[in-house]
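Each structure below is given as structure tokens.
In the two assemblies presented below, chain A is common to both, partnered first by chain B and then by chain C.
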Partner chain A sequence: MTSRLSAITWNTFREAVRDRVLYNLVLFVLLLVASAPLFSQISIGLEKLMLVNVGLSSISLFGVIIAIFVGIGLVSKEIEKKTLYTILSRPVRRWEFIVGKYLGLLLTLVVNTALMTVGFYLALLIFINGLKRADAMLLVAVYFIVLQFMMMVAITLLFSTFSTPIFSAIFAFALYVIGTFGEDLKNFAAMSHGATKWLAMGASYIMPNFASLNVIAQAAHEQNVGSGLIFSNTVYALLYSLAVTVAAVMIFERRNLK
Partner chain B sequence: MNHGRKVTVVCSVLVVALFAGSIMSRRKVEDIRGRQATLEEVLYLPSGKTVKRLSLGYYSLLADVYWTRAVQYFGSRHIRGSERYELLGPLLEITTDLDPHLIVAYETGSIFLSQRVPEGAGQPDKAAALVEKGIRANPAYWRLYFTLGFIHYVDRHDYKAAREAFQKGSERPGALPWMKIMAARMAEKADDPNMAGYLWKTIHDTTTDKSIKESAATHLLSLRADSDMDELERRTQAYQQKFGRYPEEWSDLVRAGLLRGVPVDPKGAPYKLRLDGTVRVADPKLFPYIERHGGK
Partner chain C sequence: MLAIEIKNLTKEYAVGFWKKQWRPALKSLNLTVEAGETFGFLGPNGAGKTTTLKLLMGIIFPTSGSATILGKDFLDPEVKRRIGFLPEQPYFYDYLSAPELLDYYARLSGVPAPVRKQRIGELLGRVGLADVGNKQLRKFSKGMLQRVGIAQAIIHDPEVVFLDEPMSGLDPVGRHEVRELIQSLKDAGKTIFFSTHILSDAEALCDRVAVIHKGELRGVGVVNDFRSSLAEKTEVIWLGATALSAVNSLLAEVHVTGDTVRGTVQSGDLDRLLEKLRQQGARLISVMPVQRTLEDYFLAKTREEEKEAVTL
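Presenting the complex of A and B:
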């Protein structure tokens, strides 16, 4: 089982890396990070703040774009090229295919993020003249961004198991936007009454909460992020991603591929 | 049970269990971050204008989000009787930077800001500045002049500025005639308590915000109690001049023909008569805006 899973994971990763769009995006992010000092010339005294905000926001945004646009084709591409039938005719279970695809895309994003983070720290080193201890906190922000990707890949994969690529992209992007305002939805529920309250509360728990995973502003202001929050966010992202991936497996297991 | 059904059952159970776990962990995250975490992000924003540039043209929608956040913030603090509203000003600033024509943010937001704590943020200067910003962006909207005059009169006690605001507002197209009356009365008798009553009555009758309506009603009751107590103290003074001592109970005034019966406050409780002839309400908590009779 492990070898089958790792084979699908590795193949998904290689396929994504072969895709030139990925390189373009990484290059684009690096360009953005490099252009941050230009922005900072307009805002006096905000060089580092601008660099951190632009750098981390770019890592997050482009990672989400990759998660959505690569994720929507994970299943449909295999069906379109008929390669799925070849894979499933071997002793590979459907759930192994889904989980392998999930891990493959996540691995792609982790490697991608790692490269962007290296570029980001290099930019800090060059333009801000050195790093200090508080800059390690930026890694927490990057880690939270990876947790966000973990959830986004699961969401995109879920949609790709039953919908067309274009609709999967729309649904996944919509959920990303809703998740960004996840805490607003919860606050709205808290202020509502009657049936609206329960509906909004239910929706706020089913929808992903990306607001708590966004600590870019705190990191930019060198604010500490507690270990309790790191742990709880990790557990939350893991459980949510698992729940959505299991739902994707359930749909894919029931899907008629003939 | 066939394979497909078995998979569905196992997966369904797993999905429910994992979602339940994720909800529990999310609640833990919320406990750690605090309910106001999203709102506190406003402190890190450089300015509303920067947010507007970053909103990719969706600034009107974002203004609605920030206005909702301001209302939620104020509402949650108000319910808890909090005395600190430090995020209210920045939230309103960003809201109105994003959409300078969002009138409700100036009208209602400024009342949230200007009222004294714990009813509001107790920042009348910031409230006046917010409304002035609204007037600059919406010079034809005369009601903003009324709100400005109201804040100058009630919370800043700057009667000259209040008169100017009412006067300017009355000159705007479509302004109701009472704006002129308001300006004239302000010039004649600025410290008349009836004027405050009139202003609060206007707010009460025109606002669509429930909390402001309730607050206006409480202000009106407090003003009525203040006015009642002024009158009752005039009568105890009259009694003192006639008999050389203050009345010990209300029945003394009734017997002297100065009162018809035991006077009651707007909530229906009898007023308290003190030995020095002064009068107080039975429960001052019900009348938080009393100014002259044991008020702040």
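Presenting the complex of A and C:
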């Protein structure tokens, strides 16, 4: 089982790399370098705030874009091109295929994020002249971004098992936007009554909630993130990804391939 | 021992957008294949050959019925370790090289690392791709892809090999090579189940064939029987068109080209025909029994239904 899983994971990673997904890193570096002249225009102290915001926001955004655009094809492309025929005729369980694909894309994103984070810290070193102890907090923000990726990959993979890439992209992007403003849904539920309240409540649990996973603003202001939040966010992201992946497996297990 | 036993295998597809209707692609198929046999699964396009293979490989699920392969349920992962499959017009991960692709598949089939490396080299040589190096599959020709396809189907040294139209879309050289490869698998004692609509390939390779048409099994036959069965008809060619009027009533079929006549008779009428021709002074050129070929069998089996359709 593990050797099949790792083979699928590795092949998914290799495909992303050979499809030049990591080229986004070049864009990331260009973005950081291009925004550097802006920093010197604004007052000292604010420039770090800017850099942290730009850096972390683009790490998050680039990753979400990769998660969506690679994720939507993870299963549907293999069905469309019939490459699954030669996979499923081997002793590969269908769930292994799904989980391997999931881990492969997550690995791609982790590697991508790690490289971006290195670039980000280098930028801090160069433009802000040195790192402080408090800058370790930035790593927590990056960790939370990776937790968001875990959830986004599960979501796009789920859509990929039953929907066409275009619809998957639309759905996944919509969920990302809803998730980013997820608190609003809970607030709405708290304010409303009757059936609306229950619908809004139900929806707020099914929808991903990225609000508490976004600590970019706190990180920029060098505020501490409590270990309680780190723990609860980790558990939340794991459970959410697990539930969505189980749903993807259940759909795929029953599916007649084209 | 039976290598494959298919029991009442049925697949229906929902068709139509608004009003869903169930249309059978495969109707209650029953078939057995002995271990070591090379079995041809014949049928015109749309007969249900690919559907049958997809069912057996667990790519789609049967509406009803089941199958065993090597004595175990066909969906048992243990079975999949011991079978190989070449899909129809296969497409492979085109960002990989041939050795990378084979290594990936060998890992999925549970071939241990040291064996993998050795087998990949050996197999690439055997399918004539020894010198492809690290060229990505996107640069491969159709013939090369088909050979990669055969290599991936046997990379784990399976006992039963399923091939879906392995020769279709290839040029004569490619077809010949694929035929040789299948022959070598046959010589190695593998059970081979392959679908085709090219009858000469089936005739050259198969021990037995099944004919399927419109999702229904029409017949199963031993290929050697087609060759050895006594000819029902005989073709006679002679010079002397004037003799025709005297023998016309005996002939089942007749073609005249100038003074040359080519006619077929029921073999029982052959002596009378030859005697009359001699009396008429015709010059005999050749007398040849008309073998009942696989093609006749195939045509007979696929036409049966058309008669039924008329009476319906």
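Note that in this section the second predicted complex is superposed on the first by the 238 of 258 C-alpha atoms of A that agree within 3 Å, B and C clash if a C-alpha of one lies under 4 Å from a C-alpha of the other, contacts with A are read in each partner's own complex, and residues count from 1 in each chain.
By our rule, a contact is a pair of C-beta atoms (placed from the backbone, for glycine too) under 8 Å apart; a residue touches a chain by one contact, two chains touch by 3 or more.
What you see is a predicted model, and the numbers here were worked out from it, not measured in a lab.
If you put the two complexes together on chain A, you find that chain B and chain C both fit without a clash.
Seen from the Cα centre of chain A, chain B and chain C lie 140° apart once the structures are superposed, a value rounded to the nearest 10. After overlaying the two complexes on the shared chain, residue contacts for A:11 are found with chain C alone; chain B is out of touch.
When the two structures are aligned on the shared chain, A:256 is found in touch with chain C, with no touch to chain B.
In the superposition on chain A, contact is made by A:181 with chain B only, not with chain C. When the two structures are aligned on the shared chain, A:82 is found in touch with chain C, with no touch to chain B. When the two structures are aligned on the shared chain, A:91 is found in touch with chain C, with no touch to chain B. Between chain B and chain C, it is B that contacts the larger number of residues in chain A. Once the two complexes are laid over each other on the shared chain, residue contacts for A:164 go to neither chain B nor chain C. Superposing the two structures on chain A brings chain B to within 9 Å of chain C, judged by their nearest Cα atoms. Within chain A, the residues touched by chain B in the first complex and by chain C in the second are 254. The touching residues of chain C, counted against chain A in their complex, run 54, 57-61, 77-78, 80-81, 83-85, 87, 90-93, 95-96, 104-105, 107-110, 152, 156, 162. Residues 43, 46, 181, 183-184, 186-188, 190-191, 205-206, 209, 211-212, 217-218, 220-221, 226, 228-229, 232-233, 235-236, 239-240, 242-243, 246-247, 249-250, 253-254 of chain A are the ones touching chain B in the complex. By the touch criterion given at the top, residues 3-4, 7-8, 11, 14-15, 18-19, 81-93, 254, 256-257 of chain A touch chain C in their complex. Interface of chain B with chain A (complex): residues 4, 7-8, 11-12, 14-15, 18-19, 21-23, 25-26, 28-30, 32-33, 35, 37-38, 41, 44-46, 65, 68-69, 71-72, 75-76.
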